[in-house]
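Residue numbering begins at 1 within each chain, and the chains themselves are lettered A, B, C, D, E and F in the order written.
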Amino acid sequence: MRILVINPNTTASMTAKIGKAAMSVASAETEIISVNPGDGPPSIEGYFDEAFAVPGIIAEMSKAAAIDAYVIACFDDTGLDAARCATEAPVIGIGEAAFHLASLVAGKFSVVTTLARSVPAIEHNLVKYGLASRCAKVRSSEVAVLDLELPGSNARRRISDEIARAIAEDRAEAIVLGCAGMADLASSLSQEHGVPVLDGVACAVTLAESLFRVGLRTSKVGGYAAPRSKRFSGIYESLSPAGAAAAVISPT
Amino acid sequence: MRILVINPNTTASMTAKIGKAAMSVASAETEIISVNPGDGPPSIEGYFDEAFAVPGIIAEMSKAAAIDAYVIACFDDTGLDAARCATEAPVIGIGEAAFHLASLVAGKFSVVTTLARSVPAIEHNLVKYGLASRCAKVRSSEVAVLDLELPGSNARRRISDEIARAIAEDRAEAIVLGCAGMADLASSLSQEHGVPVLDGVACAVTLAESLFRVGLRTSKVGGYAAPRSKRFSGIYESLSPAGAAAAVISPT
Amino acid sequence: MRILVINPNTTASMTAKIGKAAMSVASAETEIISVNPGDGPPSIEGYFDEAFAVPGIIAEMSKAAAIDAYVIACFDDTGLDAARCATEAPVIGIGEAAFHLASLVAGKFSVVTTLARSVPAIEHNLVKYGLASRCAKVRSSEVAVLDLELPGSNARRRISDEIARAIAEDRAEAIVLGCAGMADLASSLSQEHGVPVLDGVACAVTLAESLFRVGLRTSKVGGYAAPRSKRFSGIYESLSPAGAAAAVISPT
Amino acid sequence: MRILVINPNTTASMTAKIGKAAMSVASAETEIISVNPGDGPPSIEGYFDEAFAVPGIIAEMSKAAAIDAYVIACFDDTGLDAARCATEAPVIGIGEAAFHLASLVAGKFSVVTTLARSVPAIEHNLVKYGLASRCAKVRSSEVAVLDLELPGSNARRRISDEIARAIAEDRAEAIVLGCAGMADLASSLSQEHGVPVLDGVACAVTLAESLFRVGLRTSKVGGYAAPRSKRFSGIYESLSPAGAAAAVISPT
Amino acid sequence: MRILVINPNTTASMTAKIGKAAMSVASAETEIISVNPGDGPPSIEGYFDEAFAVPGIIAEMSKAAAIDAYVIACFDDTGLDAARCATEAPVIGIGEAAFHLASLVAGKFSVVTTLARSVPAIEHNLVKYGLASRCAKVRSSEVAVLDLELPGSNARRRISDEIARAIAEDRAEAIVLGCAGMADLASSLSQEHGVPVLDGVACAVTLAESLFRVGLRTSKVGGYAAPRSKRFSGIYESLSPAGAAAAVISPT
Amino acid sequence: MRILVINPNTTASMTAKIGKAAMSVASAETEIISVNPGDGPPSIEGYFDEAFAVPGIIAEMSKAAAIDAYVIACFDDTGLDAARCATEAPVIGIGEAAFHLASLVAGKFSVVTTLARSVPAIEHNLVKYGLASRCAKVRSSEVAVLDLELPGSNARRRISDEIARAIAEDRAEAIVLGCAGMADLASSLSQEHGVPVLDGVACAVTLAESLFRVGLRTSKVGGYAAPRSKRFSGIYESLSPAGAAAAVISPT
């Protein structure tokens, strides 16, 4: 199968790191294609940045061919609902992927994300997904997204300290890392703290494989129905939906 | 005070109707400026359309000067969180405005919106705002948004029938109309059914006046903090946030 | 329009302070009439005191003529449901008013009230209104209601300290002051802490103006229906409801 | 032990019926004293009536001596919180009593009450008590409270019809009768429908005995603390709390 | 009446202590029979131990004759649902019993249990029963169940310290002791801390008396219906349900 | 990897059907071993049957060697918590598996199960897992579990009719089949109704593969800690936990 992993920001080094994390867990027969939009923010840190990433996600989806499942590799699950409307193939956000798998290996988990400003969006997602009761607390390590790319920063230590607090204070039984840029840290942090530490990229890729194997596709009845046929104005004209038949990007 | 009322879709006739509804309730000293983006969908019917409306909302906000409050005139409250980050002035969605005022005049309300595909987004918003327990049911009348603009359609009758069902079956004590394009129907439907019928545009304008009079502005601590300074790529470059000081569109 | 602002306790100096706060935000064309009952408790600090304030609230409502909206100026929203039954005009509690407006300018707020004994009633109201998920924590400053009237008390400092804790520990993005007697402190505390600080009196007055302008009145279908015609015994006989037609105090 | 059963309305025939229901389940060693206030509404049908019943409840409590537990015999649990502040002895509402016992013999129950206007208050109580998730639906039989006292009314048939609907449509496993005036119907309706049918009066009396036997009294830490010492004005002066020591009506 | 009190573990000294606690609150006319299974774990500390206790509970129920109510004396309410299916007589768990009675004497309670590993099961029960909102926090004292049986252990002090923290930090108005083995400590701890401290055994026995007096039995409509007639294999064959008529253990 | 699929009932034909469903989705490199206990009920229809299945599940787990993940193939997720304590390898219930995957392809799903008596246990699980808000309704088709094994029964038609009602009345966007015995129907029912129809067996197997690939194991901190070392009495002695080191069944 072919999975399109979309890093919604424009930072190519992060796309590469995400692609590497995706490939490291994918089955031999799975092909990972990792991309990022050309237009938009270099990192997503809050609601404002999110808004400018979503059209680029859809554009990347419409450019790729013969894709069996999509992964949106931003922990906010940026644009997930819109992307689900755009295709019959499954679309999985790395945030939701980690929340679901954490719920299968622990009674309660805590999230450790980057900046405090990103906490409310994650809390909203947990409520929306129904899994807020499984999350003990969403914590921020006060590490900026792009600092995760810098060699020599103290990012790992800050994240590790916050994990220790989550285990001691929240009674967290597992930890979800709240940023795609932390994908390379999960394994060593799990070793260090003796609890499952989940990276959403790995979770989303294997869930995409699960859905593909079971033959499950996004329901087209209700909120994820194909967009109605209409002509968009201006810079978005080429992405106008042409009705149910055409607008849904055909899976293989 | 000056309120910028943004119709997030590109249909000018709807912008005009919304502007008229806004002016009809505004105080004498309030100036209403109604606009719509040039780029984007002609109507917003589901998550896909929403995604292409948000950058245009921010663009309209950055073009206008000396604005004291913003109203987003789509019942999905499209782009509300991103818009709140973009300014210190209050930003109010017409959906949330109607939910809050309905909660002050009734124990429970039902929503009557356009198409079934729009129901999940409204339900998500109610959960996010905390007001889901006040809403008996979100109902669809199966009237498309732009059909509300057509003289001679049976739109009003279908909406009225759904209101009757909401009162009888949901024990709804008030009705919230779930589309900006229904703004002109609220008064006569309230008369007809003997319960408060709320139009979000009117609610949002008067709430904007309330917040202004009390001197309340959006908190910049937490999720609505000004976007971090960074350079956006491509078509969004001109909307790049330049940091806390500059990025927050200054209210008067 | 004419708004009757009812201080449910019998302390005239507090009625005056509340009236002043109400007038300071009211529009030029709004007339504020502030009253308090002659019978009842001098301050409301818990459920016991509340019980003896409600008949006096209704008595004040029945004495006043040509009122367009009522504000109940106790943070517990004492007697709000009963008062809503008594009239078709809108009735707004200062607690709910502050909760609703805080929800429009912040993701989460904390409440800082007077004594610990008042916390459960406020928590119950938040659950009833549906807004508990928007409130991070209800905190007490351990300042008694009437100490707020004493010059030279350290009330303001204690409240300010509690606000600081709410911002640091609860991740509160806004603060709601939990007592009508704190109305004069909101503005300076907001300045001091850099977040919106809401006084319920101001919020309720402008919300009353909003509802009036939109033409919204309390629904008479359901829980707020006019009381059934019946004769009360003893000291309450003069307040007996005479049936739907008569019992509902006519708005102008 | 001595239980004071307070019918909060002024209708003596209903007090007698309630007293009879209470005595029929009480242990041999329990003395039941049933009273009603002299001042107030003849029946409680909604929030307005409730407000005028509470001071009379407290007055009856202060008149009685050597009481070990109090039962408030209105299904709305009128004045329960205030009454709990007034004494260290347990105070039990018949609504809450029925909800708690129903939760011990059934997964889910439905409530069948009198008029639709009473439904919201019952729903609020269920949410406040935490038991809303155990209640499938609150239904009204459209029988007025005092019609239950009339021989020859079709009240029983209407209630029975509503019970049948609750079992079929709500998947209710037990039924709670939502009015003290229905106390005499529980047994025959249970026989008829083959599910537990609960009358709150009986439930509250035996729960009062339970609490007494276990030695449990109302916590005086938090919301049910004794009222602070203060002087009430006017008609309520004689009920002024004189401080923690004096104000709490001493149990035997 | 006759109450069968089942200690689900195999430790006879604990059965004796539980029986003594049960007798100390039972009415003169109530006969308490306390038993424990011969097969199973010596103490129940987590989900694994629970699984091996439930068949023994059912076996004890089927051996006893002429029982009017059953009490399951493990704070996890081990096997409560299965036991309810097995009889028409009421079955009460000591955990739920304490939660319900605590809700009648306090706005909020905290639980103090033995080991951290038992906390999640208690939290699940609270959610299932609907009473999670009444519980401020489930706390562990890190005392193992059988250490409560040891003279000279510091168990009581640890529990007392945790109670002090619950009152100070959780704003708990009452304390529920989270283990049947703590039954003998409730009274002195209540004295010491000045709040109600509840032991589930006493609560369950008096609730069983309440239900018996009111004539309430477990609903056989829905989840607690008698097991369908079928033949179990192997070691459980003698406990095979023989259909609705036979399988329900007849109460007196 | 090796997955042990445990059918908790003793019906071998159902074990075979479940094994076939498991194998049909498993990867080539995954070995499926399907077993059922020798002791226990022939089908699980309600809480009573469940109780007698759990020790057999643990016994099967302790007999198998070198297992990388366990699947419990009863829709009630019988014994899931106990099984998680017994091993470090992941354990997945087919109910939870289907709920989680349904949440990735639809906004809301309904469950169609066998008998009404099984509905409450499924509803409890949904609440416990946190996913109740994603489930529109749990419906019963009134088909007994073993009737699914009978050629010529009208089981499929009844299930299909109930699915049609779920789509029309609940606004369900996907359907979860609520019994392991329905595993062979999912694909054709999905075809027929045009929405995703999920069989828990397939979902659980692929989720087990996901967890294995990502390297996630059950957290041993908190509720799923290895059982404490103790000696069980009687028929369970051979399954006594020997302490953390020994008791946790070692994964490969």
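In the analysis below, a residue touches a chain if its C-beta (ideal position, glycine included) is under 8 Å from a C-beta of that chain, and two chains touch if they have at least 3 such contacts.
In UniProt terms the chains read A, B, C, D, E, F = Hydantoin racemase.
Only a predicted model underlies this, so the values are computations on that prediction, with no experimental measurement involved.
Participant: Which chains make contact with chain E (Hydantoin racemase) and with chain F (Hydantoin racemase) at once?
Facilitator: For chain E (Hydantoin racemase) paired with chain F (Hydantoin racemase), the chains in contact with each are A, D, in label order.
Participant: Farthest from chain E (Hydantoin racemase) in C-alpha centre terms, which chain would that be?
Facilitator: Result for max centroid distance from chain E (Hydantoin racemase) is chain B.
Participant: Check B-C against D-F and say which one is joined by more contacting C-beta pairs.
Facilitator: When the contacts at B-C and D-F are counted, B-C has more.
Participant: Measure off the straight-line distance from the CA centroid of chain A (Hydantoin racemase) to the CA centroid of chain E (Hydantoin racemase), and report it in whole Å.
Facilitator: Computed from C-alpha means, the inter-chain centre distance equals 44 Å.
Participant: Counting in whole Å, what is the centre-to-centre distance of chain A (Hydantoin racemase) and chain D (Hydantoin racemase), each centre being its mean C-alpha position?
Facilitator: The answer is 52 Å.
Participant: Two or more other chains in contact with one residue: find those residues in chain D (Hydantoin racemase).
Facilitator: Correct list: 107-108, 116, 119-120, 127, 133, 171, 222-224.
Participant: Among line, ring, star, complete and other, which one matches the pattern of chain touches?
Facilitator: other
Participant: Which chains touch, pair by pair?
Facilitator: A-B, A-C, A-E, A-F, B-C, B-D, B-F, C-D, C-E, D-E, D-F, E-F
Participant: Spell out the part of chain F (Hydantoin racemase) that touches chain B (Hydantoin racemase) in their complex, as residue ranges.
Facilitator: 107-108, 133, 171
Participant: In the complex of these two chains, what residues of chain E (Hydantoin racemase) are touching chain F (Hydantoin racemase)?
Facilitator: 10, 38-43, 45-52, 54-55, 58, 79, 81-82, 84-86, 116-117, 119-121, 124, 127-128, 144, 222-225, 227-228, 230-236, 239, 241, 247
Participant: In the complex formed with chain B (Hydantoin racemase), which residues of chain D (Hydantoin racemase) make contact?
Facilitator: 116, 119-120, 127
Participant: Can you name the residues of chain C (Hydantoin racemase) that touch chain B (Hydantoin racemase) in the complex?
Facilitator: 25, 27, 90, 92, 96, 100-101, 103-108, 129-134, 167, 171, 173-174, 187, 194-196, 198, 202-203, 206-207, 209-211, 213-224
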